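Below, chain A partners chain B and then partners chain C, in two separate complexes.
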Partner chain A sequence: MGRLFAVEIVYRGIFQKTLAKNISRAIVLAAHQEGKPGISFGRYGDSPERNGVPAKNFAIVATDDQTLEEGMAKYEPKEVDISIAVDDTLCKGVESWAWYGLQPINRLLKPGGTLIVTSREEPEALIEMCHRKEYPYQLAIVKGIPSFSGLWVYKEDHSDVRILGAIAKVLPELFSLESVQKAIRAEWKDELKATSAARSYERITTVTVPPNQGNPEEPFKFELPKWSEMREGVTIPAIPRGHAMENTATQQVGGWQPERNPTFKKFSTRTMRPVVDFDTCIKCTLCWLQCPDSCFDVTPDGLYDANMQACCGCGVCEAVCPVQKCVTMVNETQFRDNDSQWEMWNKDKEGYKKWLLEKIEHGPGPQRSHGFRYRGQYEEQVPEMLEIAREG
Partner chain B sequence: MAQAVASLEQQADKTALITGSEAIAVACKLADVDVITAYPIRPYDTVMQYVAKLVANGELDCEYIVAESEHSQFEIVKHASAVGARVFCGSSGVGWMYAFEALTVTPGLRIPMVAMVGNRALDDPGAFGVEHNDALAVRDLGWQLVWVDNPQEALDTALIAYRVAEDRRVFLPCAISCDGAFLTHSQALVKIPSQEKVDAFLPPYNRGDLLLHPDNPITVAPQVNEDWLMEIRRQTAAAMERAYTVIREAYAEFEQIFGRRYGNPFFEEYQTEDAEIVLVGMGTLSTPVKVAIREMRKEGKKVGFVRVRWFRPFAAEELAKTLGRFSAVGIIDRDFSLGSPYLSGVLATEVRAAMYPAAKRPPMLDFICGLGGREVTLPDVKKMSDIVYHAAEGKPQPLTQWIGLRE
Partner chain C sequence: MATFVDIQPTQQLDPIKGVKKMPLEEFFTSGHRTCQGCESALVMKLMAKAAGPRTVVLGSTGCMYVANTTYYSTSWVVPWMHTQLGSSGSAAMGAASGLKALMRKGKIKDEPINVIAFCGDGGGADMGLSAISAALTHPDYNLLILMYDNESYANTDIQLSGSTPYGAHTTFSPPGKMKRIMHHRWKKNMAGMLAAGHPTCKYIATVCMSYPLQAMNSVRKALSIGGPTFIHSLDPCPKGWDYDPMQSHEMGELAVTTGVWPLYEVEEGVIRLYGKTKEIAEGRYKRFPVRDYLLRQGRFAHFTDDDIDYFQSKVDQMWDKWLVPGVIPFLKEVETDHPPK
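Presenting the complex of A and B:
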């Protein structure tokens, strides 16, 4: 019985599809340089991919054909040696548009396996976002902004080969740096990429995440019905209309909170979320009107509170808001919960203001991986990415 | 000739990391197909993408026509084939169903079309995982139907399909079934043969006296009534009957030229020599079944597997003889036939019919499993094997059981 290796690449649907596929292919090709057979495939249940919705690719490699077949006998691997997140906001979990619920980013990681994340955050921040595991695992950070590499006209930023170099370091049994470089030269015919892989190999550092450290929340899940319990005719009930909201402090009742989809939440769809300054809001209704996902709850006092069950982080509310810094998009890495901002504001208006300013003024701005915040953001980020690739 | 073949064998194959769909596209290139029509539906559309790429890169010189629907897609290649073009097309699920009228008339006109069916569940509601009912829907119409289980076999079988379909003794269309996701979307290392090998194996398409051309004035498909139709059917049936021989010949020569051996073309036997019971199935479920068999054999359970490749023509006598050797048989259907005898799947119904005249008829159970792309798991395979063992021991079992269902 030989050894089986499994690597998953978790990415943002459509935008990072080519990037993930390139990484997955190159893993198999690099291992093939050492005579190891392998296969590469995307999780079919994630497709057709929706914009920004988390999706997965897998590379399965073995030391011999028979062991590979054993790996292939389970379509989606039950455990992996390495999980790769090419966007750090995915550390919050993976909710495909299929009926999987919210899967922790490290769900499939073996004890002692490595989670590789492309991020500019410190390890502590990423660990806080990841769900707790009962056993220890490794966390390795490849410094970078979530990449669009390989998508249409977006420039090559070497994210793919930097991740491959990191793999050679954390799991040398899978393939050596030399094999990675050989595969890069054969597949891309690019010496610079081979150099980037080597740099990443040299610089990558890992930290051990001890047991039970991280997000203590139970990931969102649901039970699917048995065949005999389902309604006939492929019929499901409509989402109920909704109800008025209540201000628990003043007992004021009014406004409107629509009911939300009971099984599909958007906790991990977003890469950024709106932060609302309720003190400067002029109640013009534009955010509520223009939101493509009807994510705004109307409060009894006529304010608009973005509900995190329904917000996909598109940024339309920020774009249409006529008041400066009333609605501001902030990167999802800056939040640890999905609570109501309006309720926070209700309880402590001064505290809320402080929190709000801290988020919009001191936190990093929203980063690409799910569209851009404003026109020209990509052009600004290209030199930044080059710098990171050079300096690490 | 013998010397020529020997020198071909020494030509090294190139290895590429490609999906089953890409393997079919590569076969189109190697077969130098003249006319390709396309209309997108997943999982077939992956072939369409790869073919388009080959055309765009100048690697494949063909007419590449994106039709406005599957019906036109299949009509266009039907006509192109009639005027002597080697053709390729394909579809999936309800797309294949939308082409149904074109599919029905193709065999009778003796059009050697090769199509890829990326097996997909028949909607509603937007299910695109594998189920074999789409391809099986044409089983009574004169289409040759073959199932493959890995990208290498997909490439090889596409070349064989052209050779068989375009043989003047056959001239019938052939659909190659590739399981959605498991085959169409999974990249594996595939050996790509040299053009010389393919040219030695696959002669040019020669439509002969049936060529629709001004120099050969003929009419194809004039109006016929009750005074013609039975004879037309009988003629097509004779062609399908001859296909058995032509398929055997093609596989034998394939082995000679390419050096890859498939054994019995019609079905693959896995660890059947000493098996007490066997499972029967089609397509990529072979992977979990084979791995589970290896595990079960460690526990002393002698289970074998028979993978049906060619469903049309169906090797009834040979299969019946093989299955008669075991004390019980379990058929895994990745399809279902509503209201059929014993409420079974299509494959089980056919195998039972094939077994009726056989001297030895072991108990035969049917399992409905893996519909709509649901994974056929190792525990599923073990559960099915246990049930078949119970039947072998004489304990009565329901004739059809659903495996992996939420119940």
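Presenting the complex of A and C:
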């Protein structure tokens, strides 16, 4: 009986679809170089993908055909040797498109398996984001800005081959750096990409995450009804009507808080979140009105509080806000909870202002870009991303 | 004609006077599985907000069915039911006549209830056209058919539809090295065609949710004018058009200010351009070049300058040569057409 290797690539739907496909395909091609058969596929339940909603690709490789067949008899792997998060905010958990509840990024990792993350954060920050595991695992960081592009135009910033180089280092039994480089040359005919893979191989460092380190929260789950419990016509109750909000400090009642779908929260889609300066808000209504996800609660004092369970971080609110730095999108890695900003502001206005400025000015992390803004933009961004890659 | 028409009163839905007078309550809420920056979800939200609580919504297959109401989950506060891909017209008719019959028989309270059926451009402009046309010829039922047009079969990963613009990159029209432009058809003129061909239909409009107040008042007028009505909404789609979702609102504005998407309503046969479109038609606002719109989208990333010029010439023709500018493509004489090779 041979050995079966399983690698999952967790990525942002559409934004990283081509990137994830490139990685999982090249894993199998590199393994072929060593005579190992393999297969790469996307998770059926994640299709059709939606921009930003987490999705998965798998690469399954075996030392012989029979072992591969046995591995493929499963719908998808129950455990993996390597989990790859091509965007670091995925470490907060994955609420897939057709899945219910939040799954930890390291859920499928075997004891001692490796989580590879593309990030500019330090290991401590990433470990804090990942849910706790009972057994130790490895964390490897490929230093870089997570690569985002769209469905049609791909950003050629070597993110794909840098991950491949890292895999060769953390799991040499799967394939060697040489095999990866052979596969890269055959697939892309680009010597520079082969060099990028080698550089990543040399630079990648791994830390061991001890048991029970990380986010202690229990990821949210739902009980779905069994077929025998369904109602006639498979009807389901509508979302109840919302209610006015109350300011607990002043007992002022007013505004509107809609009820929300309890089975899909959407916050794990977010890579940036809006922070709102309530002191400069002119109550123009635009963020609230133009939000496709109805995520703004209308407070009794007529302000708009972005609900962090519902916000998926599209950035439309920032784009439509007429006031400079009233709504600002900040890198999601800067936050540890989904608490209400308005309540925080209500309790301590001075403290809130300080927190807000710190988030906007000191802690936004790398500037994120979520796909195509104008022709030529990727060509402008790639040199900086390659520079970061060179620095390691 | 009125003597033969057996129609019930509609709800009284007054125009919303300004964004600050907007009703606070949501009838389509958070927790749908659409893309970041999905303008079609915004259409659902504001359509439901404009219609109010006494509304029944029917949705044909498409993003707004699959993403909003995945297995055992919903974002709707008002009653919602799925209907088949091409059947938004028949479903709207069936629901409206069913409600009418139940009220006549005293099975439910006799009150005006809004019936809205929505469809995407695939479900509406392609598959559902005959059923929509049929529904619009029946003056006895109060219903609104709203087509949210993201210019492709976006739900199944962007195949081209009759609404896809010339030259756009879709799964069915990938640009290649030998052939750059794989989609040569011009976008179907849905609202204009329905307005020209359905004299019994009292209200047909085009909207874009980048102009939410006008769009919501369009929905209100469509629901209160009586009889079958149709609204065509252009919805920028970050997934299929390939742009950063934060640009969704701006992309809708660009579609209007470049003249690619004209805003108008046809009320009891009277055409009225509104918003920026009206200013363009009256010469008070200079159209932006379509280049500004096209180069912001990855689906046109393969366009050469010739392609952009051709696109511009077709939009110019819409404004300069059409008998009813922006609305109906009848010309006074035959125009030659030379798309770039």
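The criterion applied here is as follows: the second predicted complex is superposed on the first by the 368 of 392 C-alpha atoms of A that agree within 3 Å, B and C clash if a C-alpha of one lies under 4 Å from a C-alpha of the other, contacts with A are read in each partner's own complex, and residues count from 1 in each chain.
Throughout what follows, a residue touches a chain if its C-beta (ideal position, glycine included) is under 8 Å from a C-beta of that chain, and two chains touch if they have at least 3 such contacts.
Quick caveat, the model's predicted, so the values are computed rather than measured.
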item	value
Chain B versus chain C as contact partner of A:Pro225, first or second or both or neither	both
First (chain B), second (chain C), both or neither touched by A:Met72	first
Which superposed partner A:Ala319 touches (first chain B, second chain C, both, neither)	second
Larger contact residue set on chain A - chain B or chain C	C
First, second, both or neither for A:Pro216, with chain B first and chain C second	neither
Partner chain(s) touched by A:Tyr44 [first = chain B, second = chain C, both, neither]	first
Partner chain in contact with A:Pro383 - chain B first, chain C second, else both or neither	neither
Partner chain(s) touched by A:Gly35 [first = chain B, second = chain C, both, neither]	neither
Intersection of the chain A residues that touch chain B with those that touch chain C	47-48, 224-225
Chain C residues within the chain A interface of the complex	19-20, 22, 24-26, 28-39, 41-42, 45-46, 53, 66-67, 70-80, 155-158, 169, 209, 212, 238-240, 242-250, 295-299, 301
Residue ranges of chain A touching chain B (in the complex, touch as defined)	24-25, 28-29, 32, 37-42, 44-45, 47-48, 69-70, 72-76, 224-228, 234
Complex contacts: residues of chain A adjacent to chain C	13-14, 47-53, 97-98, 100, 150-153, 224-225, 236, 238-242, 255-256, 258-266, 269, 284-286, 289-295, 298, 307, 309-310, 312-316, 318-320, 329, 369-375
Complex contact set, residues of chain B against chain A	15, 17, 19, 42-43, 124-125, 128-129, 180-182, 185-189, 287-288, 290-292, 373, 375, 377-378, 405-407
